[in-house]
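Paired with chain B in one complex and with chain C in the other, chain A is shared by the two complexes that follow.
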Partner chain A sequence: MFGKGLIKGLQITWREMLAQKVTVQYPDEQIPLPDRYHGRFELDADKCIACMLCANACPNKVIQIERTRVGKKQYLTKYVMRIEYCMFCGLCVESCNQDALRFSKVFNMNQYFRSRVRLTLADRPAPAEEPAEEAGSEQEAKKKAPAPKKPAGAGSEAAAGKS
Partner chain B sequence: MAIQTQTYFLNLGPQHPSTHGVFRVILELDGEVVVRAIPVPGYLHRGVEKLAEARTYTQVIPYTDRLDYLANMLMNWGYVEAVEKLMGIEVPERAQYIRVIVGELSRIASHLMAIGSYAGDIGGLTGFLYTFRDRERILDLFEMLTGSRMTVSYFRIGGVADDLPEGFIPLLQKFLADLPGLCDEYDGLITGNEIFQARTKFVGVIPPEKAINYSLSGPNLRGSGVNFDLRKNRPYGIYDRFDFEVPLGKNGDCFDRFVCRMKEMRQSARIIQQALDGLPEGPIQAKVPKVIKPPVGEAYTEIESSKGIFGCYVVSDGSNKPYRVHFRRPSFINLGCLAELCVGWKIADVIAILGSLDIVLGEVDC
Partner chain C sequence: MGENIFLNIASWIRGLLDSIGVPLLASDIIMMIVKASAIIVFISLNVIWLVLMERKISAYIQCRIGPNRVGPKGTLQTVADVIKLMTKEFLIPRSADKVIYLLAPLVVFAPPTLAFAVVPWGDGMAAIDMGIGVFYLIAVTSLSTIIFWMGAWGSGNKYSLVGGMRVVAQMVSYELPLVLALLGVIMITGTLNMSEIVEAQKNVWFIFTQPLAFLIYFIAGVSEANRTPFDLVEAESEIIAGPYTEYSGMGYAMFMLTEYASVLVISIMCTIMFLGGWLAPFGWTFLPSWFWFFLKVYVMIFLFMWIRWTYPRIRVDQLMGFGWKVLVPLSLANIFVTGIGMYVYRSIGW
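Let's turn to the complex of A and B:
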């Protein structure tokens, strides 16, 4: 009989009308994100040994690292991600064997201005103790260990202001 | 007295929802009837093959996600398979099984998108919402597994990136248990709908010989009744271990192609169930050198993606970057017959024919 299929289809939609909702009212309600979620990056600057593995693993040259030599070790002074070119593929996080670079669950990274998109994960002067041949003179004022760490720098401030 | 009429041109796309992305067809029309159709692809060309030449072998993987972004896992698979062949890497059992599970999930997700958007093309947007609701469950699983919903970058040369997380298998089992019921729902909502059938049956018929001559593959070929599925005919990975059927169409019309996809989803679910039952413990990554430098040479492999045969050709010059990568993209090749198929049909049927070929522009333009 013609129309049988139509009636069956309507029955399905009616049944669905009474079923539970599958959507949520987004800004008020949020669905939980899984642990492996690829959100904004987090850097534990103290763990980072400025080995450049992450920067070299990146297909798009997103990660820019500046480092200086302090004593025998490399010291991370600046860690900037040109996040506008990032594909969120996770190759950088995977390559970091110090567990310094991680994904967070923050996903609202949109900005009004392109210049604010860039993510500065660390921007700190090198500690000016011991030998410190090159950078020493400038940074005398800020002595010793607890260098002002800004784990998520300007990017997070802007995002926090927005959300 | 015969009325003098003139043909005229109508530009369909590139910004048209029914062209499934940015695809353009120039239609020469006589009234409402198509006299000639000129497909114009290329609006989404990003030069992935060229980009690959400036990336290391591992770094190419994220770009393959963006070929057929609806069946991303399968695109990953096609590429890593070629590099593995080139290097002679043996993939561990567990990784093989995980690959089958996520690959078939990808196929289901892609077919859900295909049948849903096809229903939308024909004029029943309701069907689209239902398949999207359920595709979301697969994307959630992918998000749990890889951290991303669509751009998964999950495969690695010699294995997969991560093991299955806790809670993945129960959710997957639940989805598999629900899937037959969901498919029945789509059948009731879309396949059984008389208007849908009237719009698609005996429209855009591709006879088997023509399908072969146009080098069609995937559900488009099988819709014409040609029994060819790489997973059966030339099994790669561990597909020879699974018991499943290859659904075939009879008439080669839009309806048969649609129904083929519908039935393939149920078969994919069967494969996943078998893979889950046989999932062994063990490593998920073969021992590969840190810097991947395949020996000088070339390799070509093919897999059965959701759209058809996805081939990948990799040439190595011994360095850590591929000398040349080429992808045989099924959507692009399946599009070849569009110009001929459309002739003689009305504009609305052009949409039905194009939709039934199930193209995805990321793959067509590459």
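Let's turn to the complex of A and C:
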């Protein structure tokens, strides 16, 4: 019949009009981010042993580390990421042996000035020799294999919200 | 309840003028000014509402939410847009024909406004109950073709010119089926007065006796209002915005206002000629006549918007072919069949 397609088109748009809307009102509501989301970096400076693996793994030379020797061990004094060059590939996070460097779910890292984009994750003075050594060794022993906590069901919620 | 609310307001103003001793001619003029300003206010408010409605409907059809930030539930979005457009600069291109360029947005709003003068909003609620109302309305609305052409030519821009040529070609060729479709109704009623045409639909609406005419009128009306799928005039992907390309600020706003006002005119004409105007369906007269009128008009407008956000734009050759090869012969056939039917019924003696 002539005009069948026209009627079908109208039916489709009518159905869509009454269907559930997919828009998410961003500042008021947010889609739950997946656990593996590559957001802003987080550094647990106490866990870090300043091994430089992350800095060497970075293809863009984003990570700049300053360290001093305290006793027998390396001590992290400054950890700066030049995020403006970062492509969030995650090689640094993968390379971290101590689980010190992690991704968070913070994604709004925009700044008004380019100079403020730089991310300083640790900036601390080196401690005096004796107590720092003890504290560092203790912590290392404690947190040898920390089990990463994962909030269950967050990923499936995001998938459900999309449909 | 509320059936005579507008008539009472009119007679109250008239009585007030008489009581303070205003001569008859002056009070007539004052009444006309009151009616005209009421119509202009009505059109402006409606256009503001229709733009919002269009955006909301388009959003809903596309699974979005649409404007919902300005005012409660986004209802003041268009008001904000109008204020923005009013405060923007009105640019005049160097190559423009200044007089025509400036004149076009000034006069473009006149034809739809004039058309509203003869519309019966409810029982006995026409601003002017003209004997040749339908003829007047058709004549006045055809004027807008030349104003679009003025804007297109005055802009001195090739996109505007192409758009303007399309306006003229499209509007002139779709004017014909538009008028011929109405002829069937006019043959049955034997009058050009809109109130009498509405009264003639007391038993059965003309959409049931003249379904083909309604369809032809509706399609030609979509084309006359330059809306998708016939919006070749301002086809964004081809010719930027057609005749409106160079206009900015309030000039552009006037063209937009006219577009929505003409949608309103076409919907009102559909309501009066085919959907029984202010007459209540099934004898549901507990609601006032003007309410039924607006309800029907808004159903028509919704249909316009629904179609706009469903169908893609057609090509120029398809547009012309459809107009001249399908709509015009069909409307002529409709007149022919209506004439035969009337003759048969008369000879039977109905």
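Things worth noting here:
Simple rule for what comes next: the second predicted complex is superposed on the first by the 125 of 163 C-alpha atoms of A that agree within 3 Å, B and C clash if a C-alpha of one lies under 4 Å from a C-alpha of the other, contacts with A are read in each partner's own complex, and residues count from 1 in each chain.
Everything below uses one rule, namely that a contact is a pair of C-beta atoms (placed from the backbone, for glycine too) under 8 Å apart; a residue touches a chain by one contact, two chains touch by 3 or more.
Just so it is clear, the structure is predicted and the values come from calculations on it, not from any experiment.
In this overlay on chain A, chain B fits alongside chain C without clashing. By the touch criterion defined above, A:Glu84 lies against neither chain B nor chain C after alignment on the C-alpha atoms of chain A. Contacts of A:Val22 after superposition on the shared chain: both chain B and chain C are touched. Judged by the touch definition given at the top, the superposed model places A:Pro59 against chain B, while chain C stays out of reach. Looking at the shared chain after the overlay, A:Phe103 reaches chain B, while chain C stays out of its contact range.
When the two complexes are overlaid on their common chain A, residue A:Gly9 makes contact with chain B and with chain C alike. Figure legend note: chain B and chain C, brought together by superposition on chain A, show a least Cα distance of 5 Å.
6, 9, 12-13, 16, 22 are the residues of chain A that lie in the contact sets of both chain B and chain C, per the superposition on chain A. Remark: chain A residues 6, 9-10, 12-14, 16-23, 25 touch chain C in the complex. By the touch criterion stated above, chain B contacts chain A in their complex at residues 55, 58-63, 65, 126, 130, 133, 136, 143-148, 151, 153, 161-162, 165, 185, 188-190, 192-197.
Residues 57, 60-65, 68, 306-307, 309-311 of chain C touch chain A in their complex.
If you check the complex, the residues on chain A that touch chain B are 2-6, 8-9, 11-13, 16, 22, 33-38, 57-59, 87-91, 94, 103.
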